[in-house]
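Okay, so subunit A shows up in both of these, paired with subunit B first and subunit C after.
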Partner chain A sequence: MRLLLLLKQAVLLAGASTATQADILLSDAEIAQTLQHGPWPQVAQTDPSNRFSGNPNAIALGQTLFHETSLSLSGDLSCATCHQPEQDFTDGRARGLGKALLKRNTQSLWNMDQFRWFGWSGDTDSLWAQSITPLFHSDEMAHSPQSLHGLMLGHATREQIETLTGPLDTVSPEENAANLGKIIAAYVETQRSGQTSFDRFRDALAVDDLATAANYPKDAQRGLQLFLGEGRCSFCHSGPNFSNSEFHDAGVPYFLAEGGVDEGRHAGILALQSSPFTLNSAYSDDPEKTGAWAVRNVRFNHANFGMFRVPSLRRVMHTAPYMHDGSLPDIAAVLDHYNTIDMERLHSDGEAILRPLNMSQDQLDDLAAFLATLSDDG
Partner chain B sequence: MKTLCISGAVALSASMALACSDQSGLVLTANDEAAPVAFVTDITPPASVPFDVTLTLCGTASAEVTFDAIMPAHQHGMNYAVDVRQVTEGTFHMENIVFHMPGLWELQFDVKIDEARYSYRGEMMVP
Partner chain C sequence: MIRFILPCALGLSALSPAHAEKLPIFDAHIHYSHDAVLSVPPTEIVEILRKAGVRKALVSSSDDRGTQLLLEAAPDIIVPALRPYSRRGQTGTWMHDPATIDYLEDKFSKFEYEAIGEFHAYGDDIKTDVIQAMIGMAKDRNLILHHHGDREALDLIFDTWPEARVLWAHSGFEDPDDISDALNTYPTLWADLAYRSEMASYGTLYEGWKALFLAHPDRFMVGTDTFAPERWHYVGPHADFSRSWFEDLPDDVARKIAYENAETMLAAK
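Up next is the complex of A and B:
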């Protein structure tokens, strides 16, 4: 009797473990690829080029400044007008709206410490330099370094700023702008997205815990297989942040409705090379100039024309509309774009990666189910 | 004092000889039989994260070295130029190489030793 019971249990156990095995659709090679997309979250590191990075007073002041409409020349525009915290730091519009309609979609500001370049075309190589850009953009906050300096000398936050930076009236207008960018960046870099159901699946696979991994839905697993394999998505959307932080042509037209083109990375490199605020400049607080190799060694290629930075896919379900010009309203439209991609539109010198996927609706649904598991961190 | 110096020198040349006899690195393929044996640090580069590599040219005191890499499957190269720095006799250092996509990359070295020019190829797989 006892023996029978034991035997029964053994059979049950064996049955359970095969069921678990069968619940994991991924091959060993696909599991190895999956592990490359983690762990998440990554260990938070302070930015050596920003002496206020990680400083609690700077983070609190940065958050205040982020919401300050008084930082714009017209007095009615703050960072948060476009990067609305309750909307995943976006505005839900196709293209940002400041004093005029901007050329591009407002990016969300998650996990900024994961990127090497900022903006859709990588005009800047640090978060603090990128945070200065809208202050001087004529269609955004529209200041000059001089008018911004004058404003801050009489600003309500002057005392708080000076406890971090020292006296404001002795710094140059450029130094003042760099300081403001760094204080705001200290706040923005704290916006980090959390663990998702994909991350729990990935971590379970890393320790061979198939029972936990089996909680990950089958449709998301099939979608992940397509993402890594047939869809070739992970060539560009690689690593824990699902972006290689580099520039590619994903076949999105670069013509502007009002005429002209958005030159993308081509213009980005030109802006970068003429910027006084790079990691290679005296405004970097890092004596080692960590990361400055990128601006020193970046190559200027004809192929850069019309290329845009690969977006992260973390929290992507919450940041519609999509692409640099916000031309695709939802994820279904993005997947349809990749499924039927127009090869004539790929203008770069033949990056032989994208081609029409010709997937079935079921496959597209699986891909969407997978993408949703990169966005369910609450 | 004198003996100490000599033993130091012996140790150095022994370690260099060892480096070339054991070739624990990734041995490169040369375009010419006369080309010195060459190898680089054998590593698995991370995708789109900068990494460093050391090139050893056996039995070569000094040389001019240039480095580039391409992804043969996608017909594209690197987004960054890479500076090559000679560190000791026959060893060269390359910093901040970025292979920005997973897959197979082909490393290409052009080497000028006196009047002779050689080219070398090697492959690395980015997971």
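Up next is the complex of A and C:
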């Protein structure tokens, strides 16, 4: 009797196992590709170029400064005016609005420690340098290094800042700007998105826990298969952060409504080359100049004109509208863009992986279902 | 790039003999296609060309209307070429469409051209009836063939018409050794450098490319390749980029690549 019971249990378990495997649609090759998109979250590492990175006092002060409208010359703009924490650090607008309409969509600030280049055009190579950029942009905070230095000498946070940086009146205006950028960056880099249902699926696959993996919805699995295969999305949206952190022509027009064009990476390289605030500069706190090889080796390329950095897809469902100019209002529009991409906009020897996807509506729905599982971390 | 930024930023432009006069450019690879016509009016195009110091431009356009509009607006600058298809999306199929012949004949009956192209063709594409007929039309009119394709196709073009004047778009995207071989093989072959920036970095030519330009000083020319409408705004930066590496060449070679070679090619009828 006891033997019969054990045999019955074995049969039931074997049946359950077969049913679970049937619930996983991915091939072994697709599973191997899926594992490349994790683990998540990545282990947080401090930024060696920013001596305030990971410093709790700097993080707290950075959060204060992030919301500080007095950092703008007009006194009414802060970082949080555009990068609104309650809106996933975006503003919901197609293009940002500072003192005037800006050229580009306000990007989210999640997981910034995962990028090599910052901003749509990669005009900076560190988060602290990127944090300085709006302080001096004429249509944003509109300061000069000198006016910002003067402001901070009389600012309510001066004592807190000096606790970190030493006396403000002994540093140059440029060093003051670098210090402020680093304190703000110390806060921003702590904004990391959480584990999503995709990550739980991926981690379960990593340990052959098919029972847990089977909880991942079928439509999301089909969407993931399209993302990895037919859609070729993972060529650019690669790795745990779903971005290769580099620049591509996605076939999106880049004329500006007010005239001229947004030169994208072309302008980014020019700005990078003329910036005093790079990882290769004296303002980097890293004696090893880790990561400075990139700015030292960046080369100009005709294809750069009109290229923009590949955005991360983490929490993507919460960061509409999309593309560098916010011209696509929702995910459906983005998928339609790639489904019917205008090849006439692309050079025949340029972005070789792009071509119209010609997917059915069911396939597009599956892709959207997959993307939603990169955004459900609460 | 930085070599042409810094002198301006530092106000040094008058101190360098190479900068004493802005070298004029013959832009040998430029398009004003149907979508560009809708986005950038001819008057603005002409302003962009003049501001960039482009004194001549070999213009071809998908549907040709743009070329004619520009020719009307700036006959002193525009050198018209006829693209054998009306949409860029036809780059891989046009040679199989018999209607191409009618299209070309219709255009030749109405307008004058200096070249046919830029046309895309690889390998055996050249053997198609359409391209053979097109080469025949070029031969009848002694027109330049502006060819975008591989060496095999290039060889077949010269097999078909050994005396052809061919402008090899993008230098075939080949490396310096292979470009040199093609130029040595065909004395009436010229090569444009459109969409190629790997020859120089920050105004300094890489060794292989510099040797190539010095070995074939009469055969190269530059081109912006405005394949998308927005890229008309790149004509100026492209000209400046070219001028930055021209400074790494002897003055006479720089002048040839900047504009003289293209003018010689046009005159070599």
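As a convention for this text, the second predicted complex is superposed on the first by the 368 of 378 C-alpha atoms of A that agree within 3 Å, B and C clash if a C-alpha of one lies under 4 Å from a C-alpha of the other, contacts with A are read in each partner's own complex, and residues count from 1 in each chain.
Keep this in mind: a contact is a pair of C-beta atoms (placed from the backbone, for glycine too) under 8 Å apart; a residue touches a chain by one contact, two chains touch by 3 or more.
Source: prediction; values computed, not measured.
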item	value
Clash-or-fit label for the pair subunit B, subunit C on subunit A	fit
Degrees between the directions from subunit A toward subunit B and toward subunit C, using C-alpha centres, nearest 10	60
Partner chain in contact with A:Gly194 - subunit B first, subunit C second, else both or neither	neither
Partner chain(s) touched by A:Gly92 [first = subunit B, second = subunit C, both, neither]	neither
Touched partner set for A:Cys236, first subunit B, second subunit C, both or neither	first
First, second, both or neither for A:Gly166, with subunit B first and subunit C second	neither
First (subunit B), second (subunit C), both or neither touched by A:Ile353	first
Touching partner for A:Asn244 - first (subunit B), second (subunit C), both, neither	first
Touching partner for A:Arg299 - first (subunit B), second (subunit C), both, neither	both
Which of subunit B and subunit C A:Leu270 touches, first, second, both or neither	second
Gap in Å between nearest CA atoms once subunit C and subunit B share a frame through chain A	9
On subunit A, the residue positions that both subunit B and subunit C contact, one per complex	299, 301, 303, 349-350
Partner subunit A, residues of subunit C touching it in the complex	1-2, 5, 9, 33, 35, 39, 62, 87-89, 91, 120, 148, 170, 173, 195-198, 201-202, 225, 227-231, 233-234, 237-238, 241
Touch list for subunit A against partner subunit B, complex	32-33, 36, 234-236, 238-239, 244-247, 293-294, 297-299, 301, 303, 349-353
List of subunit B residues in touch with subunit A within their complex	47-50, 73-76, 78-83, 95-96, 100-103, 127
Touch list for subunit A against partner subunit C, complex	253-255, 260-261, 263, 266, 269-270, 273-274, 299-303, 305-306, 343-350
